[in-house]
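Following: one structure in structure tokens, then a few remarks.
The first chain written gets the first letter, and so on, giving A, B, C, D, E and F; residue counts start at 1 in each chain.
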Amino acid sequence: MFAHNKRLQYTVRVSEPNPGLANLMLEQFGGPQGELAAAMRYFTQAVAEDDPGRKDMLFDIATEELSHLEVIGNIVCMLNKGAKGRLSEAVDEEGEMYRRITGAGNDSHITQVLYGAGAPLTNSAGVPWTAAYIDSISEPTADLRSNIAAEARAKIVYERLIALTPDPGVREALGFLMTREIAHQKSFEKALYAIQPNFPPGKTAGRPEFASVYYNMSQGGPELNGPWNSGEKWQVVSDRDQQMDVDGGGGDATVTLDAGDAELLNAMAARTMSDPGVDPLTGAELGMMADPGQIDSASATGGSVPSTPDGSAPKTGA
Amino acid sequence: MFAHNKRLQYTVRVSEPNPGLANLMLEQFGGPQGELAAAMRYFTQAVAEDDPGRKDMLFDIATEELSHLEVIGNIVCMLNKGAKGRLSEAVDEEGEMYRRITGAGNDSHITQVLYGAGAPLTNSAGVPWTAAYIDSISEPTADLRSNIAAEARAKIVYERLIALTPDPGVREALGFLMTREIAHQKSFEKALYAIQPNFPPGKTAGRPEFASVYYNMSQGGPELNGPWNSGEKWQVVSDRDQQMDVDGGGGDATVTLDAGDAELLNAMAARTMSDPGVDPLTGAELGMMADPGQIDSASATGGSVPSTPDGSAPKTGA
Amino acid sequence: MFAHNKRLQYTVRVSEPNPGLANLMLEQFGGPQGELAAAMRYFTQAVAEDDPGRKDMLFDIATEELSHLEVIGNIVCMLNKGAKGRLSEAVDEEGEMYRRITGAGNDSHITQVLYGAGAPLTNSAGVPWTAAYIDSISEPTADLRSNIAAEARAKIVYERLIALTPDPGVREALGFLMTREIAHQKSFEKALYAIQPNFPPGKTAGRPEFASVYYNMSQGGPELNGPWNSGEKWQVVSDRDQQMDVDGGGGDATVTLDAGDAELLNAMAARTMSDPGVDPLTGAELGMMADPGQIDSASATGGSVPSTPDGSAPKTGA
Amino acid sequence: MFAHNKRLQYTVRVSEPNPGLANLMLEQFGGPQGELAAAMRYFTQAVAEDDPGRKDMLFDIATEELSHLEVIGNIVCMLNKGAKGRLSEAVDEEGEMYRRITGAGNDSHITQVLYGAGAPLTNSAGVPWTAAYIDSISEPTADLRSNIAAEARAKIVYERLIALTPDPGVREALGFLMTREIAHQKSFEKALYAIQPNFPPGKTAGRPEFASVYYNMSQGGPELNGPWNSGEKWQVVSDRDQQMDVDGGGGDATVTLDAGDAELLNAMAARTMSDPGVDPLTGAELGMMADPGQIDSASATGGSVPSTPDGSAPKTGA
Amino acid sequence: MFAHNKRLQYTVRVSEPNPGLANLMLEQFGGPQGELAAAMRYFTQAVAEDDPGRKDMLFDIATEELSHLEVIGNIVCMLNKGAKGRLSEAVDEEGEMYRRITGAGNDSHITQVLYGAGAPLTNSAGVPWTAAYIDSISEPTADLRSNIAAEARAKIVYERLIALTPDPGVREALGFLMTREIAHQKSFEKALYAIQPNFPPGKTAGRPEFASVYYNMSQGGPELNGPWNSGEKWQVVSDRDQQMDVDGGGGDATVTLDAGDAELLNAMAARTMSDPGVDPLTGAELGMMADPGQIDSASATGGSVPSTPDGSAPKTGA
Amino acid sequence: MFAHNKRLQYTVRVSEPNPGLANLMLEQFGGPQGELAAAMRYFTQAVAEDDPGRKDMLFDIATEELSHLEVIGNIVCMLNKGAKGRLSEAVDEEGEMYRRITGAGNDSHITQVLYGAGAPLTNSAGVPWTAAYIDSISEPTADLRSNIAAEARAKIVYERLIALTPDPGVREALGFLMTREIAHQKSFEKALYAIQPNFPPGKTAGRPEFASVYYNMSQGGPELNGPWNSGEKWQVVSDRDQQMDVDGGGGDATVTLDAGDAELLNAMAARTMSDPGVDPLTGAELGMMADPGQIDSASATGGSVPSTPDGSAPKTGA
């Protein structure tokens, strides 16, 4: 069960309202690398987890991320505080409000007009948060790696926000939030490497003949090698023919059809064949004629179309 | 700040695994009327709220909804518990696993194959949760009404899930969750009606001449009246002409353009005019000719197309 | 069946083109609180409704909302009229067009470049309209509340647009549209309260022991009470222990598994256990070594990895 | 199988970085009419196609579109090159970075802050690419028409980007890409018209009595005729009554229910009837009372509510 | 302005409820090729259109598509009529309701549980309708082609629904709806070809040297030629080297940076260089060691990590 | 530039059509962990990458993933081959087609009806692919970790598909594809660890006082420790008070407002205050009265409402 305390995990001190900056902060509120994504990622894993130690850790961190969501949400709302009253209570004179809203220079207009200067669960472009951001699949040797990567990304986006934020109180709180992503990454790393073996992830082994091959698929310039494709651990395949049909079966796709299915597919093929032996007049060619009147609709089609109103006589009805 | 306790708000007792039922329960986990939507709806309002009493209430209820999210998530995971180990650890024999997964009769296949029998934030059709479900706009006379409606909807979906659930332990927990939606609706009602006046919502009054008109837009059968469109509070307008151009300005849309813009629009109009005076041969007519060979591409276009390769000579280049 | 008349319901008089303002107006065209959402909300309810009076009302209002969609769409198009010809027909000189498009100060660039200065079904941030905005669930005691809330929200967004619009003709038309939301809300209120009883919504009663409890989940500061959580109608629970496990069953989640499922889950648990008794070297630690060369890949793994190329020998193959 | 060569299909020469222009270019990278949409449209058709000639053509063009995706992606990255290092490495002084990012005048802030000045698969408003943009349905007489239309749209968006681009090297590359859409459209036209007949699309003929009718649904002003609704090929129906119930069956919707279903529907109807004969006091009316105290909650409801805590006595329990 | 008449355009006679069939019908209600997409496609074009003839036609057809949306919506609701009452009013006995809902064999469960057996704006998989389905760009030489293609696709999906529908009344109504798509396609074709020239679409001509080239990008098997890539209208380029760098500029991407930007990029490059000259021990290798204890975390990192708690000493602080 | 060869990278041998199995395979075609996500993830990183070695590697692997997309797409199409002809060409008799389509037991109905048994870019639930699945942010110390995690997830989903696939030819091809994910993960690991240091990701160091703290946020049961939260590297904070306000600033959120903004916010607060001192009659209470007639709308509101038609007299007009 969750409980809530009215004090924030970290104090938020904002110098002055700035709806443009508020909007950029949304990146870590309702953006793909933001705190809701983090909280929900770990919470859903925690609920499904059977390992008691990991389950506890996942609830610990999920709960902290919810508390971070509250911190960043408060930053957004403090920065929006001036805009909030203005739209709902002010009497506009001489278009000042329109200039303010469109002049902020980024997407803060939507936060103000649609969301009333609150804290919407969107990214800084106004795109609503989606659970498509969460990549958990209930296998810890994959999910812990996903968590490690997610913490790394969140750390970077905080780093960028710190770099562009002029307000010192906001920078300080962002610095706290960024640091916690580092700490969380460290926990997830420990949990992953405490599973042995953890590579390859999952249970099923790969096919040995393909597990150390490096296919050199991009060619035509200087080949750059590194430990990812050179050394005795790798077998590099650069020959184009050896990159194809690597099983030697021909490189085709086949299926065995029964007679009924085959017959229907043949009927479809015949009906929809693009005849390679004609050079048909096309709509595009009709569309670039200097004098389209040279082919008159009535004469061109009058003699040849079937007698049914829709010209589709030889087909079978519905 | 949020805190978490390992005990659930309500005990979850599931008789036996049932991935098909688990999938239907997702409706209240990651569906539009589910607990994440509720928790995030109230949490984001709480963060942005300035009224201390409402802010406290919103945090109270948001925190409880998070705890409900945990309860319904546990129901999902218990019902999926059998499926979880099977896909990852079992050795399949004779296609039994395929039959189990496709035979469950609803979308539980995606929960199993993609999400590993965990608790994904999707609805029962596998559609990822989106913040587009949340309609908060930071005006309490609107948001409290949205909350009242959201609780009503959530109550109904629980009612339906209870109706179809054969497992008594699940029914009991669902009954608790459903009841809490009733209690929450009561709180939101009190908070709304403690604002006076609260109708019309917001600050700006309507235009009196249009605020009590009922336009009878759907006609042609028996007219059915009720308090929504009859009685002395309403002025009903059924005459089609009086429904249009209600301001008497002509019912047109106009804008004043400067000369340069007008000239460019005229150029666009001339370039793209569909000439009403011709009956052009069309691509569709080409496509239904009995003998398309009667118009040969080369002869039909050979003499008339311009000499540039793309046939677009009279235009200006990029 | 629908019919259309070329006159608008309300005359649209726009002073001069303004693509930035056009873009903000999209909020009520293709935004979540806009007219398409309203029209489709009531239309789909109307089609499914069995009560003849409500069905008629829903068709009346849906049809009017479609007519409003036309009005707001015409406002958008008039405001975009200058931009429309410019991009498609003008010859740009010295980057003037780029400056115009990026200088408008909000997302009008996408309306111009992608949508050709037309009336796209997006909100003002360019997010495409989605049926996820519609929350109808075919139960009138819930849907009518949803409609009441939707009208309240739409009224507020119009109020905000009026506050920021400098163009008097646009303000006047917006005032009409805003007022109609008030009238519609009044109709839906009458239809809801003409159902008796309408609370709790739906058919199933709640569990009495939980229907009037208020869980005080957010604590740690001054407790603020109001009619939503005080008075004799409410039983307030503030003790953290009494908020948990409210049924007294232990607050756990359990399911009964058959032997086969249990065995597979045990196998998964063993395979994926994060061993609490080791302090493993992690990737993050590798990544912050001052001299990573101190552990050489070949020597560190050379002696210990299995002989199969992918190092996964003890597992079973695909 | 695909192979890659490090040389681009067309050389990209960018004069100087311009993140605002980079952002507009995203329209053809991750936008609905962009190169990923084109490549995936043709690639998925190619994989499913059985006609060997069309399959080859579709793979040819899909592969070229992937190569175009690479060209436009390189334009984006070159234009973003200045922004890339700045956010990640620079030391900001006196808010310069914030001014740069918000001052670009369109949505480039999200490309910089969230995506690190890379090439994200979004449109210029930051909306992520979605396969909902692709409309292939595995019937060549429809898909080829969809392809023709898609090429026409892509051509137009390139035309607009050319019109607003001040950088000559970018204009030149865009001119190449635009021209290739013309060429692709020509190929798809040939492939469509080489199927005979190709209209109506598909196999099933229409019902002749409805295939040449033009319903004049929009009336009330000057009727404008053209070849789309006049001439002897069309039967125009303007009478409103003749537009409805065109089959003469009454224009109703009916279904035959068994007794059990009918009884349940009747129960639902009775439970949820909006009584047309009352004028109930509504929540909105409570909300606009001058003195809401005139109706006291306790007295108004005290005597009448049922004795169960949730006031829902006459209903059946869960 | 729109008006509504209570009679449908076509009578809907359903033999008996069938929620599985209802669900499939949703494809033409809220699916990508369905009637809402059609109505909104033409309605938004109509609002933005300046050509009076096309504007009238677009309103005519948009209005008819809305009327078709009503017809297909009624089909859905009649087929769902049995399910509607059952979930909300029935008393379940022995799990019958669960078996009914999961046994229907497709996604009808979501229509029943979430949407209450109404007519939701989703496709048959439960995916909510999105305006991303609409591809209008306010250029008639493109939009009319999009409309032609859209009608072709809608016709095909109706054809498929007819093929699978066992209910004769439903088949009849579907046949009407399918036929109208044919008629609409004919109107759009006439409107397109009444614009001369209409190819290439838009205003800007292509670059002649690239407009008739066919790049043979897919090779390695029998080359199949047709009018789309052979004949004297085409210049086929099969040589891989001639397909690249077609402008002869080198096939690279370049931008000129000022010194400050270049320095920052160099700093980023140095910081993030993947050193090609080492073979670092990786996390994956740690994860597949037979005896992970051979490298102890404390000893491996103890001597080398910096003295700050997070091991990141040489960097500059936030 | 990309090139294509008609041979597949791996031969696809399907025993017999099975549209239900085809549908599950879509998970790796258009699902979040599928091959399009992989190809686009690496391709977009490659385009934006400045490090020549990593750029080459990213293009190598992106190109191979495109080739895998082709392999899995061919598996889908072969499994769908029977369904393809049936819907488009067969004459249905006695509802057989409906039974086949709904009887497959998962979402294959949408692949058949909407997508014509082709290879749509959706997951197995019919959800369209979205670029929201891609988490690249143009910082290699984060992106390479994201790639490692993505390969781990893709490996697992292949493992699950292998486990449920009865067709031996499909299993063999899936085994190849799964193994390649292992090889790719190995390459990305080498590239990551060849950057030194790579932890913490990015450039900015964390705040040392928070980088090794573990907040024990989930309590109330047995505490489970492991290397992620115990040992001398961690400072564990379990005291609830010490988890809050960790900077000692009070745990509040504050902003300094100018007088004008403050006044407007006060006006909004006064207008929207939920008065804690009243117990207002609510809509819900109206809705549960046994005899709603006891409060008559006319009498209750007649004397008190203002004289304007909408009852909103004391407010200022639009």
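Everything below uses one rule, namely that a residue touches a chain if its C-beta (ideal position, glycine included) is under 8 Å from a C-beta of that chain, and two chains touch if they have at least 3 such contacts.
Owing to the predicted nature of the structure, the values given are computational and were not obtained by experimental measurement.
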{"item": "Co-neighbours of chain C and chain B - touch as defined", "value": "A, D, E, F"}
{"item": "Rotational angle, Cα trace of chain B fitted to chain E, multiple of 5°", "value": "120"}
{"item": "Separation of chain C from chain F, taking each centre as the mean of its C-alpha atoms, in whole Å", "value": "15"}
{"item": "Chain centre separation in whole Å, for chain B relative to chain A (CA means)", "value": "20"}
{"item": "Multi-chain contact residues (two or more partners), chain A", "value": "1-9, 32-33, 50, 53-54, 56, 59-60, 63, 67, 74, 77, 84, 88-90, 104-105, 107, 114, 116, 122, 125-128, 130, 132, 137, 139, 141, 148, 156-157, 159, 162-163, 175, 178-179, 182-183, 185-186, 190-197, 199-200, 202-204, 206-207, 211-212, 217-218, 220, 224-228, 233, 240, 243-244, 251, 265, 268, 271, 274-276, 278-286, 288-289, 292, 297, 310-312, 316, 318"}
{"item": "Contacting residues of chain D [partner chain B, same complex]", "value": "141, 159, 162, 171, 174-175, 178-179, 182-183, 192-193, 195-200, 220, 224-228, 231, 244, 274-276, 278-280, 283-289, 292, 310, 318"}
{"item": "Chain F-touching residues of chain D, taken from the complex the two chains share", "value": "1-9, 30, 36, 40, 43-45, 47-48, 50, 56, 59-60, 62-63, 66-67, 69-70, 73-74, 76-77, 80, 84, 88-89, 114-122, 128-132, 134, 136-139, 202-203, 278-283, 285-286, 288-298, 300-301, 304-306, 311-312"}
{"item": "Touching residues on chain F, where the partner in the complex is chain E", "value": "1-7, 50-51, 53-54, 87-88, 90, 92, 94-95, 97-98, 101-105, 107, 109-110, 112-114, 116, 122, 125-128, 139-141, 148, 185-186, 189-197, 199-200, 203-209, 211-212, 227"}
{"item": "Residue ranges of chain A touching chain D (in the complex, touch as defined)", "value": "20-21, 24, 27, 31-33, 104-107, 123-127, 156-157, 159-161, 163-166, 217-221, 240, 243-244, 251, 265, 268-269, 271-276, 278-285, 297, 308-313, 315-318"}
{"item": "Residues of chain A defined as touching chain F within the complex", "value": "5-17, 32-33, 52-57, 59-61, 63-64, 67, 74-75, 77-79, 81-82, 84-86, 88-91, 130, 132-133, 135, 137, 139, 141-142, 145-146, 148-150, 152-153, 155-157, 159, 162-163, 172, 175-176, 178-180, 182-183, 185-188, 190-191, 193-194, 199-204, 206-207, 210-218, 222-229, 233, 240, 243-258, 261, 263-268, 271, 316"}
